[in-house]
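To start, I am sharing the structure in question, which I have written as structure tokens.
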Amino acid sequence: MGDFSAEVISHIDRNYIADILSKGERVDGRQFGEYRPLEIEPSPVAAKAEGSAIVRLGGTSVVAGVKVLTGEPYPDTPDEGVVMVTAELAPIASPLFELGPPKEDAIELARVVDRGVRESESVDVHKLCIEPGKKVYMIFCDIYTLEYDGNLIDASSIAANAALLGTKYPEQKLEDGKLVETGKMLELPLKNMAIEHTVSKIGSHLVIDPHLKEEMVQDCRLTMAIDQNDNFTAMQKGGGKGPMSLEMIDNAMGMALESTKEIRELIRESMKDAE
Amino acid sequence: MSPEQKPDSLMTAEGLRFDGRRPDEMRPIQMEVGVLKTADGSASIRQGKTYILAAVYGPRELHPRHLTLNDRAYLRVVYRMATFSVPDRKRPAPSRREREISMVIANALQPALFLEEFPKAVVDVFIQVIQADGGTRCAAINAASLALADAGIPMKSLVPSVAVGKAEGTLIVDLGDEEDKYGQGDVPMAILPNTNELTLLQQDGSFTREELVEAIEMGVNACRYLHELQKDALKRAYSKRATEEDDDEEDEEYDDDLETDLGEADIMEDE
Amino acid sequence: MGDFSAEVISHIDRNYIADILSKGERVDGRQFGEYRPLEIEPSPVAAKAEGSAIVRLGGTSVVAGVKVLTGEPYPDTPDEGVVMVTAELAPIASPLFELGPPKEDAIELARVVDRGVRESESVDVHKLCIEPGKKVYMIFCDIYTLEYDGNLIDASSIAANAALLGTKYPEQKLEDGKLVETGKMLELPLKNMAIEHTVSKIGSHLVIDPHLKEEMVQDCRLTMAIDQNDNFTAMQKGGGKGPMSLEMIDNAMGMALESTKEIRELIRESMKDAE
Amino acid sequence: MSPEQKPDSLMTAEGLRFDGRRPDEMRPIQMEVGVLKTADGSASIRQGKTYILAAVYGPRELHPRHLTLNDRAYLRVVYRMATFSVPDRKRPAPSRREREISMVIANALQPALFLEEFPKAVVDVFIQVIQADGGTRCAAINAASLALADAGIPMKSLVPSVAVGKAEGTLIVDLGDEEDKYGQGDVPMAILPNTNELTLLQQDGSFTREELVEAIEMGVNACRYLHELQKDALKRAYSKRATEEDDDEEDEEYDDDLETDLGEADIMEDE
Amino acid sequence: MGDFSAEVISHIDRNYIADILSKGERVDGRQFGEYRPLEIEPSPVAAKAEGSAIVRLGGTSVVAGVKVLTGEPYPDTPDEGVVMVTAELAPIASPLFELGPPKEDAIELARVVDRGVRESESVDVHKLCIEPGKKVYMIFCDIYTLEYDGNLIDASSIAANAALLGTKYPEQKLEDGKLVETGKMLELPLKNMAIEHTVSKIGSHLVIDPHLKEEMVQDCRLTMAIDQNDNFTAMQKGGGKGPMSLEMIDNAMGMALESTKEIRELIRESMKDAE
Amino acid sequence: MSPEQKPDSLMTAEGLRFDGRRPDEMRPIQMEVGVLKTADGSASIRQGKTYILAAVYGPRELHPRHLTLNDRAYLRVVYRMATFSVPDRKRPAPSRREREISMVIANALQPALFLEEFPKAVVDVFIQVIQADGGTRCAAINAASLALADAGIPMKSLVPSVAVGKAEGTLIVDLGDEEDKYGQGDVPMAILPNTNELTLLQQDGSFTREELVEAIEMGVNACRYLHELQKDALKRAYSKRATEEDDDEEDEEYDDDLETDLGEADIMEDE
């Protein structure tokens, strides 16, 4: 995201955005470290998905849905369930949509969001085991972009966490080799809730939660997943070929740490309302 | 989700349906126009628990070029279901069924459009099913034709669409998931409201010729009702935008342009 | 079929065909409700396929073959066998063949023919169960177009029904978890034999069994599957964007009802000869 | 089908084969030209239970253009087996094996064709196996070269093709399915009848150098016999058409043109 | 290999190569029946693959690696293991690489090399059975082209044989339905070691082990797999459309027979060094 | 291979690593330039048991054309792992992971290249992992930047790359397979040696902000050491070729051209 668009943006825009950043301002009037308004609609797919959320981050919006299936565990991790997160730039979100296999940008979106959830071990996969070596829960969290106005990664990460947090599913047990429902409803064992934060480097400036126009002119971005203990659980420099100094990376980490608690709190509040 | 239970009976002793509706009663419907800022035109529909978004891009240049038509714009419809929109997780890759429904929707919409005004161009209609609870292809047509109007594509009229089915011998309108799955048949259709001609007609299950004629008549009536809802949705969007424009202190001249933008001029004239 | 060809046909043809229809005639001299000569060659693949037929409908011809395999039933229908019908525009039939994934027309052909068989429940899938939840018969009926001169759907539907009607396969049973042949030969439990009939709308006229040239200028077509009790079991409006009034639809149903018995009879006769 | 049984022995005590043939005896063969009306040229072959159709389209413009050859026509061969043509159901998608055989057939036919007469064009040879009972690639070559002649593609000669194999130490001609599966080897080949040169040669199983030489000699003889059958089939089609033309009361001049159309002019001259 | 390149080679080269062949010489000074220098590097992937070899044949080089896995046998051969050989024109070897599905040349390379190993029954698949009908060893030998200077098939065949010859893997047995290692190391049961030899026909001349420039102008090539008893176990005419007389084929067989023993010996020596 | 065993501990009581290395000690590294004759530039790297080849083709015309960039060459990186390079056999088709790493490597290399000198062209970097034993993406960057220099692509500098990880609370440099798999995290990075800026930065596992800063500092130091090894490898190739040229009795002028060919001129000036 950002790189292909760099082709179409005019030099005037590029200069304009750089200019106002030099004056300490952003295209939409925000502070450098300020997130856009964040809205979370809980459970829009309540009838079919075990968990779901629509996230609106400024003009960007995504929907995440969670399906809880059962299946056999992988042979090398017989007592662990499976968690998989995918993210897709749905046609409706993209004027540049072409009917073809996923582009590099789309692959990166999917893998960065998936890694943010899996590397931070947000879900305790050991608690997803029904019977070791035989049956485990398999959690699929799929995300579709609905509107694309910059910073898809953060919006998708927030949506994934919200949908997982709101997920409820019937407990199952093995009886005579067959799965039967116990009648109890379970919540997902979320132990760590790491949220991804993206900081964009434009010239000598760093801004958090980049707007689409900022992404179009950025040198690169740094996406960081931060868990509830302020540990960094995943990081990815991407979105362009600009290099970044250690000092800038350290500053970006500082900016991300500042906003993480508030966003995590907002997710918890929004999904609590849903019950 | 745990597998859906087959209801004991789809019809009550009083002649009402499983969910309390009368045979000719539709589910609660909400349509909204202009819901996606990225698109040139967009609309959402909630029909019972079915929830669908439609976006329109274009008319614009077509790639790849070998699909170009010399006498009109190419109408490209892509219908996609979210993996989580159905009871079992759908595979992420587009299925044959999704591609067939895309084609069927394109055929249903095309007779209403003046595509010959844009030779060599493409008009893209992208449809995303967020939650599927029966009647998705019909709901998608309802939303897509609103999105086309919102994008200012010249149209003869909006295209309303509904499915009529049969449960325990009774013809019923606007099937829910259970009625679709455990009923005796399904007849999705779409019409041009100015002539009542059908632009979509499919059928499965088992019907006599007489039942089919009656089913189509019921469907056409339901479509006429849906068409009123569609026009209301378009007017709401229109006046909302007009108000917003007023708030921005634009002068009144703007309204005319807006009307054109919405493609309403054509629509209103036709009826 | 028909839509893409509409690009290449000349306006002269279009007018010519419309003109003679106005005079009550068709390009090949038939009545509006008249089928072309229908020939069914039974069991051309007798050495390898459990059932097969070649159907020639005027200048259109297709071959259908049936394979009877065994496998596990779907979990939600443990006592039902599986029936699958595919139809393919084989390269040899198509001067417009391009080596690529199936086009919309081909997808529609396959799905309409499959639905014609499955929606009409022609085959009693419950009788295809060997042992509930364990083993069932799986019936694959695959159709290839050999010559393409219009109305592929009807020719394919007739070929599928003929091949299924002529299918014979060895009975199997489960013994100690293994399938063994009982020595008895079975026929497919065909209970309903629904045949698809296509009516083409050209201007204000309706013609049955459209010729390729008629398909090229048609406004649309209506395909109807009709079973042996004169019930409609599947319907598909396709082949173009023209709308159709209820009156016309009703007339088309009438035309299809008229020809269905004769065709069904011809299939039965042809396949009886084969024994 | 129930799995085929392995015969106790492929050869009898009397030196005959499993199905009663002599080692150098071919199966019954029927070839017919002009069987598909849609195609520019076509042929069918029944060789034992093997049943194959071949169609030729072209020469015509080639898409996509980047495959265009500047000095000759591109010969595109597509060999496809019906799912039901083999004991187990073949998967519908073209397999690697089908693509390899397509290439092998193209190489076998190409030396017989004057493709340089049509630079930048394509000649399409489409082959559909209806029933496979051994020797499909050879039978396909026999039919394809007839279809090419029927389409009027200029040719040095027809290309006959046959497989020679080995069963219990004896070299045998024109293998059936069981001989192919349970025998000791298989040597498919194709020749240019005017020079006896090989345009196709493959082998599996285990042979000494001497056995291979003998096998090729047997194959060449069988190919010469097949070539006669091919020419007969072409003549039958030719005279049948001439008759039909007569029936239509065309004058005799037409025959010459027909001959050219059939590509026979070239073929006859060469021998 | 050879056919597509024929498009780019100049007529001057074509005449030059034909000319010097008429004088009894080859572009690189070799005799018609002479192989290029052959070098085999044993076990370059010793830490991850059970067997491996890099083969350098003049300017052509390939790497082969063998993985030994376990799995269920095919139903119709319950007491036989599985051997599969693939060969790929890796991007690094090919200036003509295009990111797409395998071309005809690549398909032929893979299938000819695979057939050379499998048709000659080099590996005794019966000895790859752990427990009939339940578990067998599955041998995957995958080959990647590193440098492409002609005669990929022979280089790949030699590499496959060398890698298979050097393969060692832990013996396994079934205990209570689970595979356990016995602690013993096994070698592959190689009974037949058939090597592929390619002879190129250029005009009226035959040359063995064709150089890239020779492949570019050749009429065709004949590839023959010869086992340790001088039997021919596979043969493929390819690489161009030129026909070949029986006399020439016989001569080509003679040339191949002459070089086979030396190459087989070199493979054995090289892999012995590895231990 | 039999599955790898998890070592009891990745660190010894003496503060050494599992394989005897100090925390900041790299594995033995061999880099060689000009190893593939087919390519315009090439290099190999052996880093511990990791073994990778890189080839560069270009700059040359780009197909398909719609990928063309008007203001610079397109840098196309294809990273592929041999099926046998990992403990379990990798599937032959390129995985999403391989495609993602290809992109990450392209981003890491691009800031060092003067691609704007070749508008509309493509520079291909093809990477083949022969054996993977940890740190393949970093080793691939080390080899690829040597291959780019060998191909004479104008560069600001070579790009060294290394991963820093954490095992039992200790930061460690250049992870082996076991440390990668059973350690507490992994921070691959690449730098521009003239400014110490990072062109690649990824992380997984769990780190505090302070740990990450320290890890990056360690990595930058290791990269500076790797950069010296890269320059040595380039010089060795350079003098070897100069010698070979002398042997061929070429005059000395040739050296200047060679230097340009190797792209060293640019590299040396920068430092």
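First chain written, first letter: the chains are A, B, C, D, E and F, and each begins at residue 1.
In this section, a contact is a pair of C-beta atoms (placed from the backbone, for glycine too) under 8 Å apart; a residue touches a chain by one contact, two chains touch by 3 or more.
Being a predicted model, the structure only gives us computed values, none of them experimental.
Taken together, chain B and chain C share no touching chain. Using mean Cα coordinates as chain centres, the one most removed from chain E is B. If each chain is reduced to the centroid of its CA atoms, chain B and chain E end up 59 Å from each other.
Each chain gets a centre from the mean of its Cα atoms; for chain D and chain E, those two points are 30 Å apart.
Distance between chain centres (mean CA atoms), chain A to chain B: 31 Å. Annotation for chain A: no residues touch two or more other chains.
If you sketch which chains touch which, the chains form one closed loop in which each chain touches exactly two neighbours. In ring order, beginning at chain A and turning toward chain B, the chains are A, B, C, D, E, F. Chain contact summary for the complex, chain A toward chain B: residues 44-45, 47-50, 52, 59, 63, 65-67, 69, 86, 88, 90-95, 97-99, 140, 142, 144, 146-149, 170, 181. Within the complex formed with chain A, the chain F residues making contact are 3, 69, 96-97, 99-100, 103-104, 107, 110-111, 187, 191-192, 195-209, 212-213, 216-217, 220.
Touching chain B in their complex are the following residues of chain C: 7, 76, 104, 107-108, 110-111, 115, 119-120, 220, 222, 227, 230-238, 240-246, 249-250, 253-254, 257.
The touching residues of chain D, counted against chain C in their complex, run 1-2, 36-39, 42, 49, 51, 53-55, 57, 63, 78, 80, 82-89, 92, 124, 126-128, 130-133.
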